[in-house]
Structures are given as structure tokens and as C-alpha cells.
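The structure follows.
In this document, chain identifiers A, B, C and D correspond to the written order of the chains, with residue numbering beginning at 1 in each.
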Amino acid sequence: MISAAIVGGTGYTGIELIRLLSAHPEVSIDLLTSRSEAGTRADEIFPSLRGISDIVFSDLGDETLATLQQCDVVFFATPHGVAMQQAEALTEAGVKVIDLAADFRLQSLTDFEHWYQQSHACPELLKTAVYGLPEINRDKIANALVVGNPGCYPTTAILGLKPIIEAQNKQSKQLIESRIVIDAKSGVSGAGRQASLALNYAESTDNFKAYSVEGHRHLPEIEQGVAQLLDSQFSHRVRFLPHLVPMIRGMLSSIHMELTDAGALMDWQQVFEQSYASEQFIDVMPKGLYPDTRSVRASNRLRIAVHQDNERAELTVIVVQDNLVKGAAGQAVQNMNVMFGFDESLGLNFAPIVP
Amino acid sequence: MISAAIVGGTGYTGIELIRLLSAHPEVSIDLLTSRSEAGTRADEIFPSLRGISDIVFSDLGDETLATLQQCDVVFFATPHGVAMQQAEALTEAGVKVIDLAADFRLQSLTDFEHWYQQSHACPELLKTAVYGLPEINRDKIANALVVGNPGCYPTTAILGLKPIIEAQNKQSKQLIESRIVIDAKSGVSGAGRQASLALNYAESTDNFKAYSVEGHRHLPEIEQGVAQLLDSQFSHRVRFLPHLVPMIRGMLSSIHMELTDAGALMDWQQVFEQSYASEQFIDVMPKGLYPDTRSVRASNRLRIAVHQDNERAELTVIVVQDNLVKGAAGQAVQNMNVMFGFDESLGLNFAPIVP
Amino acid sequence: MISAAIVGGTGYTGIELIRLLSAHPEVSIDLLTSRSEAGTRADEIFPSLRGISDIVFSDLGDETLATLQQCDVVFFATPHGVAMQQAEALTEAGVKVIDLAADFRLQSLTDFEHWYQQSHACPELLKTAVYGLPEINRDKIANALVVGNPGCYPTTAILGLKPIIEAQNKQSKQLIESRIVIDAKSGVSGAGRQASLALNYAESTDNFKAYSVEGHRHLPEIEQGVAQLLDSQFSHRVRFLPHLVPMIRGMLSSIHMELTDAGALMDWQQVFEQSYASEQFIDVMPKGLYPDTRSVRASNRLRIAVHQDNERAELTVIVVQDNLVKGAAGQAVQNMNVMFGFDESLGLNFAPIVP
Amino acid sequence: MISAAIVGGTGYTGIELIRLLSAHPEVSIDLLTSRSEAGTRADEIFPSLRGISDIVFSDLGDETLATLQQCDVVFFATPHGVAMQQAEALTEAGVKVIDLAADFRLQSLTDFEHWYQQSHACPELLKTAVYGLPEINRDKIANALVVGNPGCYPTTAILGLKPIIEAQNKQSKQLIESRIVIDAKSGVSGAGRQASLALNYAESTDNFKAYSVEGHRHLPEIEQGVAQLLDSQFSHRVRFLPHLVPMIRGMLSSIHMELTDAGALMDWQQVFEQSYASEQFIDVMPKGLYPDTRSVRASNRLRIAVHQDNERAELTVIVVQDNLVKGAAGQAVQNMNVMFGFDESLGLNFAPIVP
């Protein structure tokens, strides 16, 4: 059993971590912190945890920091900018850090400072941090001290594009035209657990809208993910537009691409199937079937469908995941499994909740 | 054309009043106030009003008060306690007042102070105020200076019980046993337009709960309505329990009663049909049909069904309305129509929105 | 490992059984039948099962029957009237039967025939069948050959009333007045997985209604449950009125009772806490807290709150459960655990899904 | 007053026509037909119409046909293929026809036959039919005998592209690159009023999916609309991908384009504002504001926002409408107003329903 702490356990990724780690056979949650709820039992805030966990929120004071340093792993389910304040002290004490916010996602300091409007507290540590997409960085994650758990949208975008980019690299030929349109849709839980007029039920149900039309923080993260996969001879421009769907959980990204002549010669269904053949959490749908978000509800699976239309030179990739699981807490646990040498699916192999 | 003002137009009853009055052929909205949004166009807050109304929110300063006094009618779509501060000055200037909050609903000062935790600012005026249920107080409303627009739950409860209580009075016999259970359910808009964690979409959808289990402010209002209808020889005890339904608009009250032997001799379907035969907004469903809330969505209609089971001595009345229309703004407009001698249904005769 | 079969696996209780049993450490699902889907993989019908189960639907032909007879337990997730056709042959072969439909719930043949409009195929076997509420019949279930898994509403009603009735028996005094009003609300999945205009999204969302106002099949089951608990000196009359809530899963029953003078002397909070102190799946909420349905979403827990108001002589019990888990498939697995001597919570101890 | 008939009034466009025409000051609904519901009052099928309309469904027999021929206008709210069977007899009798299905939308017989899998019954009449987008074909509609009311998606797509294409024509320069991606999202009512497992509440809520990924019938209609606006020197390829949103009403199309260098020189906000300056039902949002679907709920308005990013060479147009109003029945009434010389907004100038 390893000893885990969750810093900032009052949000949706926090409670999802509690749910997942409580059922994980190799983990004990030994510390749970919250500034606002210190002293309160977690099951008072989340009655669904009654009978599941009797843990009490601690404040993040000096004493707590000492306790944190005795854990094996600390999850930060906090707002952007918190993990980077604590990460150095923790890693120096030999504690592994998994940040579910953005502090360790972008490797460019300029991008981080531009999109998150703050300086980075530990740029040196950032250089050694690993972007926590196991399907891409599995080996690096296994040895990482700090993992930046990916944003929800980037997870769908990067995993939806990976087989294409890798095929293009391999063929050394442009297979899709430069411009990629990612039209993405997320359930409301992606906005976090907060009092907000815009998120009030009567404002957000029976409604649909685009948001961050002029630029979303996940765009540079997607661009970074694409750039890291891409051979230097190629370049792609990404248009990323997110929308808000009146549903609790779930995310679907529709990725629109244009095939080059060389691209039309590929069998993209096969490319995707081969690319993900050995991945436990990536499911490539059979040709002609398209996934809906509920098919992954409350699970760590991500499903992908590919549609190729050579006549119209169209390649469309559709990706679904649960934004709180594969898009956040589940992926964090998957990263933890890799970091500690557990079976990668340990504690994550449950079925989606349907209906 | 009469001149109307809406004080506090940023809530759901406010925008509903704007919607209804904008289409009313005899009313001009000449003033709209909001402390927080003074200077802002209403259609900036509510883009649905773009092209419908170009009115701008005013602050409620001295100048505005002078303007208010030149209106024919002022609607208060404010929190409890605001209308009673302004009502005397307005009525003295000959302006009619319709308060959509609770300041003029309860005639007992003790009840008002107990349930709303404040003293009443104009107890003398309260004595002359009329409870604005046209189906009960039509004549008094016609001559009222101040109308207390009923709460949403009491509208369903009192109108659902009126035919029974009147029949009992007429028969001079107890027709139902003393105890009445009103199990009521409301859509989320009833909680108002507010930033609130409990009302966050991800918290309130796919969910159902009871609330105010230990006592709700609408209970004394229901009890007052029942008492006023009831001959003094009878008394009834009401258990009122509200629930929150994951829907925007709509309210359904299930009223459970026990028939006495005399009550079982009545034909309750007929009693209800006769009682409401001449009411334009009250629809008694044919025997065996039960209304759903969407059948009145966005309309001023209230539908009632009666189920009588003599073998089990059960009488069940089911009442639906749109909580924002017949339960609030529509009823306020209906009251205005009565107060100004317009056809009672003027501007209110539109069809529900289905689907 | 025991060998289990699910007859009729294409409905919501069917897929929920697959979900639960796939994760159960002591069960292997060896047969899954469906007339309409014979030959099809379950994960074609339910893509959420991709990667979870590769089982294929079989037809219920002679060969299948022979296979069924080699299983240890057969779950019937079929319409009413199917299990009773097969149960004798199975029990004679030593196979235990758990019927999730109504064939073995009502012990009165007259009631069964009246409410389900068919004759019973095996009245002798019915006499030995056990009503599968472990919190009431645990010992009988342990030795049962055939278990009638309770209806969803009766589970909430009977468990919500049990502590009261038992206290009344113990005191040998009437503690609540005769009439009990159960105003119940269910999510849409309770209506089953079917093509239906009334259940179309556009018809049933943003809507609320009562149904089966004139009588629901779960009423005689509730009455039977009450009668079996009750000492013969007492009698109660139950009014049961169900409503449809626009949510997928979840059920809440509001039980309204009137306290006698003797009843007002009781501390009902304490009575409930003591009554369920040793039950793993029954959670009595602390005084003053009331459960919402999502606090049990996708879990086998049932939460109860008690509100006592002596001044008004009111006793209100509020019960929530997931209609597909504790109200159906989860309870069936709980029964199976009892029947086979496993830990009663084996495979059922997962956390609710929130948000 | 003109005399109108609605053929096929049991679907969602049918009831929406009844709602709109009942309130129209210049129209009397004199006939309403339905094969399946002949003899039934409309308000039995749609209780929301109780007190609004007492019309009874007629069968579409010979007698009815004679009555139809005495109307001024006949709306077909029928499945594809019905209107074309009746249109000749009606137009010969001087009756104007508005078909809300697809019989008179596509001017290419080949396209019609390919996408709708049937021969056209009156190809000669089709040549004279006018595509009923008043913002494009107002003059032709005024003189049309037969109007093909546009599909819901094409209404958003064509009106979202019109200012761009016209600007391009005017400049005689390619302003956007050839490929246009239309990523569209619709509420569930777009699928019609039908019993369907896929549309069951428990299947479609808390869920999101793409559909018709391999080709949707509205694609050729969009392509036709674009081609008709476009000068022959230009050509565009459209990728159209629809998605299903768990909401009743509402449609949002996100139109993704790439600016050419010449295109980047344009002020697209201004182009759109000027293009629609005189349109009563088209609302171009102020720069930086983006519409949500509820801002047009139950109204005939269509709102458009434009986002231009020269650095990334991106032009994004976002269009919302109520699929049943501007996307169907409201547009049909708007066409009728044009055809009969009424004010174009007569009976259509009501506010959206918010919340």
C-alpha cells in the first residue's frame, strides 16, 4: 500500500479522486486538505461518501506540509498556481507529485505566463516534469517526479490525432492538409464545482453555446502536444472551439481534417486500430460505429471513431471520454499506477454507468 | 395605454414581466429599475430581449421615485421587504402597487415577522392590501391599491382546495377529514436567478430532493388561504412538503385528502367543473386525465385533476401551473387587468410551449 | 466462483446486472439470453460494455435450458410472467432463482392475478418463494430456492416504515394514525428500456407528472410488506401515488404520517438509527439532514431521513435509492450474496457517482 | 382573414403551426388532418391546446381534399413525399402550398432521388417552387404558388454564409479558402415526435453524440444554397457534421472558415451588420458577444456572431435558432406572410422564453 494525499479535495476532480482511490487496492488516502473546509468530514460536503470514507479535511498549514512530505504521492486537485508552490519541497523529500491543474502542462514559460497570467514558481522543476499522457509518455511517466496531468480537451485532441501524425511521420509525406479544426463539446462539470449564475440549472439546461471563442487555455496545450509528436518537416495549424453541453459528465471532440492525395491512400481505420491495439483504455470503434459520451460515463475509457471519405477528401475523428475520469482524476490514477509500477489499470477497470 | 414600472427587473419574475408586458396592448413599460444594473440595457443582461425591448435599467434614486409616482402601476419583482418601503409613498400618489414578493401576502403581522424575520414597514397599509388571487378575490382586487401577489405554491394549494372547502361550507358537513397533505414539486427557476452552488447544473440535474422539510414560508400563506375560505365550524391541518425537480419551469402539487362518509357521497369531478366553469385560466381536466407541467409551460393556465376513490376513502387533487406565470408574473398581469378594468385575459391568452 | 445466468439481458436491469456481476469476485456470467438479440454480442447493444464483457446473447431454446440447469443461479430480468414458466424446472435441478419481475413478490394469488392480469404458473412454488428484502428476510433468503426481488417503490416504502411498525408492535400502542400517504417519485429508467412516445426526451424532460393515479401495481406489494411486519392488532391504510421525474436514475419516497399522542413521545431519529445500526446498505441521515437521490446514484445504498414535529403531530420519512441498484439489480446481487453465503456487500461496495 | 389548412398536424412542426397560427390575427385554421388521429380533437393529443383550439383532426379523404381546395393556403407538416402528391391539385385550384418537408427544397431531381430514395411526383411543379428563405428569396416567395420551407440546419448554414459569399462576389476575390466546416448541433425535437428507443429520455439525456457522420440529407440543401449565392468563378466544399444535444429545442451551427489574405482585410463584423441591417428576424450580435440557443427559444429569431482572427487566418460564424420556429413552423408562417402581403413579422413578434 502506498500513502497518498489529495490537496484541494472539495472540487469535482477532488471527489472523483476520493471515489477512485478509496476503491484502489494499493492506495491509502492519508491526507485530504482544503483551506475552506478544514476540520469538516468529507462526507458532510459530499453525502455520497457516507459509509465510503470517514476522512476529514485538513488545513494546508506547516504541520500538514510535514505530513505531506511523508506521503508517497500527492495529488493536487487545486486551482492553477497552487501545485507549483509546493512541488519543490515535496520532490526534495522524495514525494511524487501529480498536478491536475495546469502548472506542469505547458513546457513553454511564455505560453504558461501568457495563458495563465502568472509567473511560474519553479521553472527548473518544470523542465523535468512529464506531461501525463500514458499512451504517449508512458516510459517518462514511470520515472517522473512531477507529472502534469493533461487538460480534458487536450487528452481527446492529442489522442485523436496521434495515429495520424505518427503515420505522417512514418510516411514522410503530408497526409492531411495543414489546418485542423477541433470542434469540442463538454459537459458542465468541466467548469468545476462553483456557485455561478451562468452555471445555474435554469440558465444552462435546455441550452447550448460556444465559449472561449476568442481563445481557450487548452489551445496551447493541444498545439504543444501536436508539435511534440510531429516531425519537424511538418506543421499544422489548429482551430479549437469549445462548447458547453447541458449534461453533467462527458466530452466529445469532432476533429475535422482534409486528406491530401497521399492521405486518401491510407486505410485510416486500420491505422487507428493498430496504433491503439495494446492500449487498455483506448477503444477504436468498429468502422461505421460512432461513440456517444454516455458509453464512457464514469469510466476511464476513451473511445475513438474514424470516418474517411476520399471523394470529399475528408477525414473526421470523433473522440469521447468522461471529462472527470480519463479527462482528469482517472488519468491521474493511471499516471500514479505507472509511476509506482502497478498494473496500469489497477482500480480503474470498472464499467461505465449506463443508463 | 397605462404606464407601468417594474422595480427589480433582473430576476426571473422581472424578465417574465418584461416579456408579458411588452406584448400587452394596453401597457407601456416606462421604467425598469435595478440597483446592481443601473445604466445597463435590459437586453444586455437578457439577450433574449434583443429586438423586443430597448429599455435601460434605472437606479432607484430620488429622481426615479418621482418618476415612479407618475406611473399608473408599479410591479415589485424584488426580494421580500422592498415593496413595503415604497408602497405608502406610491399609493398616496395614486399609484397602484403589485408586489410579487411576500410583503403583502400574510395579513398576520406575527406570521410575517416570524417567517420573514423582519418587522413590517407599513402595517396600516397591509390591512387594506388584497391577496391577489383573482379566482377568489376578484372584486376586492378591482378596487385595491395594493395587491400582494400570491406565492407560487399557495396558488396551486388554495385553488386546488377551494371547490372542496366551499362545498363543505355549503353542505355544512365535514366532507374531508381534518388533515390535508400537500406534497408539492417545483422547477428550479422557483429558486430565483442567482449564483448558487446548490443550483449549479451539475449539482441539481439528474437529482431530486425534498427541501424546507422543517417548514416553508408558503405554509402560513396556504393556511391563511384555507382559513379565509373555511366556515368557522371547520378546521383543517395542512402538511406542506416541497421538492425540487430538475426542470426549469413548472410546479405540481399533489393534494392528499381522506373522504368522510358524507364526502364520499359527493361527485367531486362535477364539483370542480362547476366551481371553475367560468374561469378562463383554470382548466379542470376530464375525469381520468391528469395534467403534466409542460401542458402549461410559459402560459398563465392552471390545470386541475380530481381523483376520487370511495372504497379507499381517498380524494386526490393534482394541480399544475408554470411557477413563473400563473405562479408569479402572469398572475400579476392578471391582477393588473382586473385592477384597471381590462379584459382579465388581455395579453395572457397565448398557448403553452410544447414541446 | 459460482456460475450465473441472466435471462433477458437487454433491459436496464439486465445491463445493470451485467455491470455488477462482471465486477463480482465470486461470480462468472456464463449465460445471457435474449429472444430478440440472440447471436448478438452484448457490447453491440451496449457499447459501454466494450472491453468489459464479450458475452453473446443466446436464445432461450431447449439447449439453453439445459445450460441454465447447470448454473448455480439464474437471474430473470424479464417481463412479468416469464420466470414463473421456468422456475420449477430450475429449482428441481437445484438451481437458485432470483426474479427481478413480479412473479414471486405477491403471496396472494388473487392479488397477483388482479394486478398482473394473468394466472400464476406455479402456485405451489410461490408458497416457498421468499420476498427478497435482506433487511427483513435475511435468514429466509439464505435458504430460499426462489427469491422474488422487490419492486423499486416497495423497497423504499417498506424499509421506510419498518422501524415505525416494529416500534409500534413493541410498544403495543398505536404510534401513528391509520392513514399513511406515500408520495413517491422515480427517474425515467424505472419505465424500462423501450421505444415509447411518452418517454421520448422531448416529451419527458422539463416536465413532471403523476401517473397511475388510480392504482399502481406496487400498492399491493407495499400493503403486503406492511401487513407482514404489523402485529395483528394494528392496521394501516396506504395511499401510494407515484410521479415521474426527468432524471435517469433515482427514487425518492416522501412518507407522510400523523403521530398519535403516544407516537409523539418517541424519539424517532433514535428509533431509526438503532433499527438500522447494523445494516451496511441502509444509511440513516443525521437529524436535520435530508438526502437527495444523487447521493446514492449508481450505488446499492438507501438513505433515510426522519422528521418529527410534535406540535403538528407530523412524522415524515424521506427515503432515497437508485431504482436500478438497491431498487433492482443491486438488491438482486445482495440477495445472491446472502443465498450463497458470501459477504453480503461483496461486489456492491462502490461509491455513488457524484456529480 | 385567410383560410389555412394544416396537413399532418400530429408532429412537432404541426403543433407549433397550430400554436403560431392560432394567435395570428389574419389566419383562421379551418382544417387539420391526420390519418392516425382522424376524429380526435387536437387538444386530446396535445393537452396544452385545451382552451386554445377546439379543432378536430380530419382524415385526408376525398371530401377533405375538396375542402382543402377551398383554403387559401395549405401547410404540409407531413413526412417527405406527401406534399408532392397533393400539390398539383391544390395549386391548380389556386391554393398556395407551403411544404415543411423536403419535397420542394432540392431543385435537382437527382439529388432529391438520391437522398430521399423516391421519385419526385411532380417534377414540373418543382421547377416553379421557391426555396422559402425570405432573407434570400423574398420577392420570389411573394409570387410563389409552392414554397419549399427550408430544413433547419440549412437555414442556419445558408444565412450564416450569405454575407460572406455576397462580399466575395462583390469583391470578385476569394476571401475565404475553399473548405468550409459546418459543425452543427440540434436539440432532440429535431428528430420529430416519435416513439424511439434512441430518443428515450434515459438514453438521450446526459449524453452527446454525432450522427449521420457519413452524410446527412441537409448537406445537398446547404450545397445548393451556397451554389445559388455564389458567383460562378468561385466554389466551396462543405463538410457538414450534425450532433444531438440533450435539450428540447435549439440549434447552433459553428461555421469554421480560413481567411485568405484578401479576406483578412475585411471587417467581417461590419459586413454582417450591414448585410442584415433591415432584417427583422436576423440579429447580428455585437462584436465579442456570442449567442446561446435559449436566447431564441420559442421565437422566430436567428442570432449570428462573427469572430475574426487575422493572425490565425480564422473566421468563425456562430448561428443559433429555435429549430421548430425559425427552423420550421415560424419560417413557414413568415413565408405565408410574404406570400399574402402581410407584414412579414405578423404573428411572429413574440419574445423568446427565458428562462
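Following the convention adopted for this analysis, a contact is a pair of C-beta atoms (placed from the backbone, for glycine too) under 8 Å apart; a residue touches a chain by one contact, two chains touch by 3 or more.
Molecules present, by chain and UniProt name: A, B, C, D = N-acetyl-gamma-glutamyl-phosphate reductase.
As the structure is a computational prediction, the values presented were derived from the model and not from experiment.
Should one ask which of A-C and B-C has more C-beta pairs in contact, the pair is B-C. Among the other chains, the CA centroid farthest from that of subunit D is the one of C. Here the spacing of subunit B and subunit C, counted between their Cα centres, is 39 Å.
Computed centre separation for the pair subunit A/subunit C is 37 angstrom, with centres defined by C-alpha atoms. The set of subunit A residues that touch two or more partner chains comprises 12, 187, 189, 193, 202-203, 205-206, 246, 248-249, 291-292, 294, 297, 355. Listed in rising order, the residues of subunit B touching subunit D in the complex are 12, 15, 18-19, 22-23, 46-52, 189, 193, 205-206, 248-249, 280, 283, 285, 289, 291-292, 294-299, 301, 303, 324, 350-355.
Residues 12, 187-189, 191, 193-197, 199-206, 246, 248 of subunit D touch subunit C in their complex. By the touch criterion stated above, subunit A contacts subunit D in their complex at residues 179, 181, 183, 185, 187, 202-203, 205-211, 213-214, 237, 239, 241, 243, 245-250, 252, 254, 256, 258, 288, 290-294, 297, 305, 307, 309, 312-314, 316, 318, 355.
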